[in-house]
């Protein structure tokens, strides 16, 4: 079911805290917030961008660290301080001329639920809120910040035959070195 | 028993280290202390404030990072460097005209025990000290800093029918967007 | 056996990395090293100092963060950059007129082994090196930086009836507030 | 099989993210990336250098923190921002007049696969990518940044009888104090 849905996906929207991070913020004595990202997630995100997927990230938070990390992976469409994720979802569809069924959404908490109910494919980390699990087509065995995005994007790329072949053939010219 | 007690709760007092954090401090070479907070805890704390609960935080430590993090969640009643938590508890009752039975206390270590024995509802994370578990009405399956506050506040808000409905109805005008 | 040995302990020597910390260092781009300490460990260490135990810390590393953290807990006898821990052990005995049998040593890795073989009581975290476990009288179920020092010092203080009573009686005047 | 291969090893190549670290980066609001290293890994790496092994580290990333950490362990041959790890592998062989069968490679993700297929011994952490596990002769029970390098180097040094003896004999003059 979930794998079937992935065949049609052209766009990816990722929640940040609890999906790309481990749901914690490390706070300094001046109030700076540090977030923990996973490099194996990053590897799959970079590859998805190279493969031509439209990738966007939405967060209720406002941390600049998020922008800097995502930019380094080739993701520039980042929406911070978002109250209503549905608005960003609709703009994303319009901007890229996609319909809802062509978008994969990965979220972990209640503000993600309205979008997850209409996205073409909805997935979440193992430690997502119960309300999110209830509307997810796929619950990754990995928790947020520890490979759930890698796990889900790897499934997407493999279904569409766009994952790295560990043993690339001479014909596989389009595969970027990474 | 614990759920019954929650019906009467109007005020919430949260210990910081080991409850809102994972009981660790990350120390820089200049002695700055960084603390790790959980965003899913933060979500429930923000909601509790919006729902009208009086929320207060007490710590034996003195880290400014705590103040900055809690302020960002709408919590301004913060007591640091507290030796006797019972004094703060009594001031809290007086300030908000509450009785002890109307307060939920979440603690994890021995200095929390005296207050937990008289609070209306007492709960702790899975990794609390044995002495604390012995006086807790509810031991969360989650450890400190990894969702124990979310777990407990979610129970409180659900019992009082103040939790977010994942599918809010048109009648639910009082639910803030988050 | 281990508990019997604890009756005679008057001094405590703690290794730092992997015992007081989780055996990791977080490295910034300028080479600063941040270390993670546990506040529940800190609580027991403060109490041990107040109860009159001589407490000393030894490390092969040289991080200032260690000094700042330990000072805040009342521990001032700190030896960094130590190649031969046995030398510090002998100085510690001389300085406090203790014999080896009166010292509890907590270590986690091979450089700790020579001292652990002659200390009155030797204990280690659950994730210590095999060589260390082989010479430990007690292996804590807790790992380094996640409560192994709390677990071991709690045993020491309880055996000597110097642990906090969760319900202090009126006669217990010597118990400091904490 | 893996242990047999270790008899011939003279050089060691270590991937960084996910092998020497826990596969996460902690990002500050100015974009600085902090990486978490394990001191027990560091102990084994220092010992390998002292025992005369050629040690080199390769990463696709570019963080200066890596250089500073590795330098402090006596490792100066560090290659950052590497797209094709095979090129570095070949240079390493040439520089030290080694053949591929004399090199142990520890990696965790897809860019490591081509080198791992030709190295004399290939090992990975418990949380490596499936493609990496498929070409590893040994999968450590430890995850990246939590002792997998210690586990693997300890095996190497023990097989070659170069590991620290916890009880060094008088004949063991070449063992450095550490």
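Structure notes:
The chains carry the letters A, B, C and D, assigned in the order they are written, with residues numbered from 1 in each.
Everything that follows uses one rule, which is that a residue touches a chain if its C-beta (ideal position, glycine included) is under 8 Å from a C-beta of that chain, and two chains touch if they have at least 3 such contacts.
Quick caveat, the model's predicted, so the values are computed rather than measured.
Taking only C-alpha atoms, you rotate subunit A by 90 degrees to land it on subunit B; that is to the nearest 5. Interface note: subunit C and subunit D, two copies of one sequence, contact each other through mostly non-matching residue numbers (shared numbers fall below half of all numbers used). Farthest chain from subunit A (centres taken as the mean of C-alpha atoms): C. The distance from the centre of subunit A to the centre of subunit D, each centre being the mean of the chain's C-alpha atoms, comes to 31 Å. Here the spacing of subunit B and subunit D, counted between their Cα centres, is 44 Å. Along subunit D, residues 26, 34 each make contact with two or more other chains.
Taken chain by chain, the contacts form a single closed ring in which each chain touches exactly two others. Here, these are the chain pairs in contact: A-B, A-D, B-C, C-D. By the touch rule above, subunit B contacts subunit C in their complex via residues 17-18, 23-31, 34, 60-61, 83-84, 108-111, 113, 127, 129, 131, 134-135. Contact residues of subunit B toward subunit A in the complex are 22, 26, 32-40, 43, 63-66, 68-69, 145-147, 164, 166-167, 177-178.
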